[in-house]
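The following blocks contain the structures, represented as structure tokens.
Same chain, two partners: chain A is paired with chain B first, then with chain C.
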Partner chain A sequence: MIRSRHQTQRLYDVLAYGVLLGAFTFAVFPILWTALTSLKANADIVTADIQYLPLRPTFQNYATLWAQAGFPTMFLNSAIVTALTVLVCLAVGISGAYSLSRYRFRARAQLLLFYLVIRMFPAVLLLLPIFIALRVLGLYDTHIGLTLAYTAFLTPVSIWILKGFFDTIPPELEDAARIDGCTRAGAILRVVLPLARPGVAATAVLIAISAWNEFLFALMLTTSQGIRTWPVGLQLMVGEYQLPWGLLTAGGVISIAPILLFFALVQRALVRGLTLGAVKG
Partner chain B sequence: MRQAERIALPAEPVARPAWHLGDLSESNHWAYYLLLPSLLLVAMVALYPVASGVWLSFQRYNLLRAAVPSFVGLAQYADLWTDSVFWTAARNTVVWVTVGAGSQFLLGLIVALALNRPRLRGIGLLRLGLLLPWLMPTVVAGHMWSLLLDSRLGVVNDVLVRLGLLQGYVAWFAQAETAMAAVLVVDLWKNFPFFTLLLLAGLQGVPDELYEAAEVDGANAWYRFWRITLPLLTPVIVASVILRVIGLVNAPDLMIILTHGGPGLATHVLSLLAFNSAYTGFNFGAAAAVATVMLVVLMVFTSAYVRVSGVTRE
Partner chain C sequence: MMRRRDFLKSSAIAGSGLLLAACAPQAVAPPGVSQSSAPTPAAVKPAALTGTVSYWHTFTSQSEMDGLAKVTKAFKDKYPNVTVNSENVPNSDFMAKFTLAVQGGGKPETTMISSVRLPDMAAMGGLIDLTSRVATWDQRQYLPDERFKDATINGKIYGVPSFAFVNWMYYRADWFKEAGLTPPKTFDEFQNAAIKLTDPSKNRFGFGMRGAGGGEGALIEVIRSFGSPIVDEKGQPAMDRQKATDALRWFSELFTKHKAVPPSVTNDSFQQIMTGFTTGQTAMLWHHTGSLIDVSTALGADSGKFGTLPRPAGPAAHIGDVSYSYNGMSDPKNADADWAWLDHWAQPDTQITFLESTGYFPSSTKVVEDARVQKNPYYAAAIETLKFGGPAPAFAGSSNWGLTVVLPNFQRVLLGEIKPEEAIENMMKGLDKAVKG
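Right after this comes the complex of A and B.
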């Protein structure tokens, strides 16, 4: 049997759709189910017959959650730690990544490899000495302490990503700026950073999501209600109440919201990053 | 055009701070100055802790019992060697990592291949939805699935019973036979998009001309996949597998949230053993020994894998 090329392509398209729809359902259904559950009253969650759609949708879970259990405080704590982490990682990451992207010096390759190897360090192995050191320094159970711990694994990541973005910016642009009397630092601030803004934004969002979501370090390095971040708080609710599904799902939905917002931003930034190719031509 | 204008601006003759960043940047050591902040930070928060953590593994240090660590050499490694819990956790870790990385890679690859057809309608929305699990916080992912797979309220049980695939509701996380599989499904859900993301980027880097040439030569799709796609993807595959294996070995988060290593020791893995020793037992020395073992195994695995796969480093 001879099939035309067109028919074969159509067959593959159908096959691809099948795969994608299946995987899409697998990926999105749990999130959808969580959102639906958060809109049900507890009596409609704990039922003999599972209620697929909320028959009596209510925002009661959200109101209860926001009013109790110090959730707004934990949200604020997460926001503070996330912002500080992004700030530190970008500050040291931009300058380090720029140097690795532009200059050739001894041990450069080893340094790049070293920043990759750091990812191999078991979190627990980092955690123990950081825990001890933070207690000695009086930074245990503080925003700054948690931020420092986060920069341990997020600085190397940001350096690698930022270096990739800097590599795409032609050095000739800086040369031109220097001929016009810019210092090297001036060329970075006025030429490179404006061009790399999409990349920097994308990196910032990736750092922010990692810090916002982080659970293990926060569990170990914070202890008081006033400092605790939301992932730890949400997990501890499981112990404090008898599986409060309404609150847990509502908490989940609220906590995901900023991530989706950030991601929407980075998507646009990434598209802009791709259109930067025009500079190359 | 706008770019040219920006560059043409002369350096502003503004008052400079006491230490001139501009002057500093003209020195011969500028490349090093730029590196310094990140090097100092990483040395302080990553390099020192790991060195100190490995050193800790040679010391008996229990925060509850003694305030001062005492050097015991390899004693804690010897303890591990004779500890049956350690070996059970090690076996579980092997299953967790191989099945986890394998399943996530396979699903990630299949989805990436399907997504690599930009002509398809609605592909943008599909891609966005398929990436979502990867963005989810582990805590929320854990709670989502613990609700989905709940033994009384779980919708998965309900659907499977309605379809006639199950006789009755199953307590997926509470049975020794199903607990590991259930956690693996959660991790598959959360992390297959990681492979999809990287492999899709790799696929888009494969030049179309190669496929067209192969097609002219009469190569079928299967042949094209094995002889063109896979070889060109190898660097991306190796890098993504290594990163994922590291993640699987090192992160006890899902176990802490879902099973606490149970029932019994069914989902007890090395990272959880290390974390529990420190977090609940305050036995930092023993925890450091387990974590050091993990680090060494990871380093051996990575260098062996890089060598076997034939990918030469940069």
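Right after this comes the complex of A and C.
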């Protein structure tokens, strides 16, 4: 009976690992395939028989892509816009989320719902008003303009996420700080934000990923090569009659790298933040 | 400490600002009305033209961008005081960006226009009437009327043809030689070659049929080759049930009966059929001149492995569609310089330069007669096609009908779900609905 139970347990374990391995392969294979393809010569990419491993590994696709006019600039543009978007969204999001978490005012619930509803609109519907607003303000085709556009639809998300984290921090801690002489702002900076650091990190990563990969606004709200971002550059390589797989996959790997780096930097705080945010709020 | 009232006030101000910005008045022309006509041309010397010209296009590939760079450099050499600012817009997002510019401001001075998009672009007030400029243009004599057909709406010309996509076919010359076959000129010869060149043991198929996106175009050409029109001269449905059914049966049987087509046919779009041909899986491929550089690069321009041919003639008609890409003016702030840019694209040397970079065929008859085109063996098929080919049948909603009615029914026949008779019945009903609403 005991042996049978062990056998059953082992079977469950094998099944569980099998499922996990399947899910892992499903998630990782496209990324691995992209990386492997980026190391292949063009002649080895489109072949009658599939070649899984690069027979003649080369970094030529990376070199060619980077040498193409505008790509380093596009990369830098993406970095600037992403960094600005994260800063603005966090600044606005922290104040907004804190207010919604700590204050009770009329239509508070409706305001929160409104932030959620904004996210339900397809981004393309927000495009025209934002486009006109940026043209009127003279911010069309600028880093600041693109940042403001991203902020418009990423701030509500950051408010929702951050509010969940602020709700978990007892207000009594701030009260204690204020009794000790802190101002409201001082209490936020010295007590609330250090405690909410995992949440802030998680929010920053989510905003950074969204801003880094965003394509529609980046295309529609920019026009000059000096302002365009990396995803637009990659999309522009897809021709109606030509598809340079080698360059595209190299571009894909390069576009993943900064996000992985950022993730590595905030990983510890992020993992804690994600688990906290998942059950609170 | 932020008070509740302050917070609400700030929110209200921010919201109002966005609302005001969104509602800012913009001058938008009513549908179907151009905002203004391009000024009539004046004889301006190249050196006298100054300023900038903005140009939107959908070129993306390396060869296209190289061609554009050469064309732009030649323009700069001719007009040293004019600078062209080109902006490439992904083809799939072009209409979204153009519509946004028409509604919200920021239209380009000049733009590339595909023939299928031109009616919509003109209807939203995004294009300028070029009729008066074209009437007195010295290049007009090399551009026959039919080349302006897709750019003319209610007698007004909105674009000048810059290059053409000529439908033709590629074939593996080495395989034909090996099998002792002559390149096909008729549908019967084509079918025979496709069957004989099929050898599943070698993973070889006679024909790379396009059964996914874009495959409807080839089927419509086959239907017309069997003698069934799609619409009549008044744009009314005119399909001949029997002829169209015969056409669909003949075309689909290349797969369902003769197995001369890869089994993945219903998933095969442009990339798949191109890969199949360039990697030695298929013997024949139907596409147009725009893919010549791709095929040449993959198989070797002088390798003798491939050749080009006009599409084979059907039992009732010889069909080969020719579609033109146009350039037009959208918001000419510097009209003479803008027109000079459009004119430059039609000049023989420019068209040859672009042809050599991209394989995109010239629109000017003068260029087609040029020795550099005439002596190139690959272009002979395109020159031949220009003698009998012409624009594909077009009507409002034709693109949607092809994609949502013709293609799915064609696929169902290929999958054996329905018979050609039923598919044609569905297509005719769909056509009726598309045309009559």
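Please note the rule applied: the second predicted complex is superposed on the first by the 252 of 281 C-alpha atoms of A that agree within 3 Å, B and C clash if a C-alpha of one lies under 4 Å from a C-alpha of the other, contacts with A are read in each partner's own complex, and residues count from 1 in each chain.
In the analysis below, a contact is a pair of C-beta atoms (placed from the backbone, for glycine too) under 8 Å apart; a residue touches a chain by one contact, two chains touch by 3 or more.
What you are looking at is a predicted structure, and each value in this text was computed from that prediction instead of being measured.
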(request) Judging by the criteria at the top, classify the pair chain B and chain C on chain A as clash or fit. (result) clash
(request) Mind working out whether A:A63 is in touch with chain B, chain C, both or neither, as first, second, both or neither? (result) neither
(request) Would you mind checking which one, chain B or chain C, touches more residues on chain A? (result) B
(message) Looking at A:L248, would you say it contacts chain B, chain C, both, or neither? Reply first, second, both or neither.
(response) first
(request) For A:A257, select first, second, both or neither according to whether it touches chain B, chain C, the two together, or no partner. (result) neither
(request) Once the structures are superposed on A, label A:Q235 by its partner contacts, choosing first (chain B), second (chain C), both or neither. (result) both
(request) In the overlay, answer first, second, both or neither for which of chain B and chain C A:F105 touches. (result) both
(request) Answer with first, second, both or neither: which of chain B and chain C does A:M220 touch in the superposed model? (result) both
(message) So in the superposed three-chain picture, is A:V46 touching just chain B, just chain C, both, or none of them (first/second/both/neither)?
(response) both
(message) Between chain B and chain C, whom does A:I132 touch in the aligned arrangement: first, second, both, or neither?
(response) both
(message) So in the superposed three-chain picture, is A:Y140 touching just chain B, just chain C, both, or none of them (first/second/both/neither)?
(response) second
(message) Residues of chain A that sit at the chain B interface in one complex and at the chain C interface in the other, please.
(response) 46-47, 95, 99, 103, 105, 111, 124, 127-129, 131-133, 152, 183-184, 216, 219-220, 235, 238
(request) Show which residues of chain A lie in contact with chain B when the two form their complex. (result) 8, 12-13, 15-17, 19-21, 23-24, 26-28, 30-31, 33-34, 37, 45-47, 50, 52, 88, 91-93, 95-96, 98-100, 102-103, 105, 109, 111-113, 115, 118-133, 148-149, 151-153, 155-156, 159, 173, 176-177, 180-186, 188, 190-191, 194-195, 209, 212-213, 215-216, 219-220, 231, 234-235, 238, 245, 248-249, 251-252, 255-256, 259-260, 263, 267, 279
(message) Touching residues of chain A toward chain C in the complex: what are they?
(response) 46-48, 95, 99, 103, 105, 111, 124, 127-129, 131-133, 135-137, 140, 152, 183-184, 216, 219-220, 223-224, 232, 235-244
(message) Give the list of chain B residues in touch with chain A in this complex.
(response) 3, 6-11, 21-26, 30-32, 34-35, 37-39, 41-42, 44-50, 52-54, 56, 107, 110-111, 113-115, 117, 119-120, 123, 126, 128-130, 132-133, 135-141, 143-145, 147-148, 152-153, 155, 158, 189, 192-193, 221, 243, 246, 249-253, 256-257, 271, 274-275, 278-279, 284, 287-288, 290-292, 294-295, 298-299, 302, 313-314
(message) Under the stated contact criterion, what part of chain C meets chain A in this complex?
(response) 1-2, 4, 7-8, 11, 18, 21-22, 24, 26, 58-64, 85, 87-91, 93, 96-97, 100, 103-106, 203, 270-271, 274-275, 278-281, 290-291, 293-294, 298
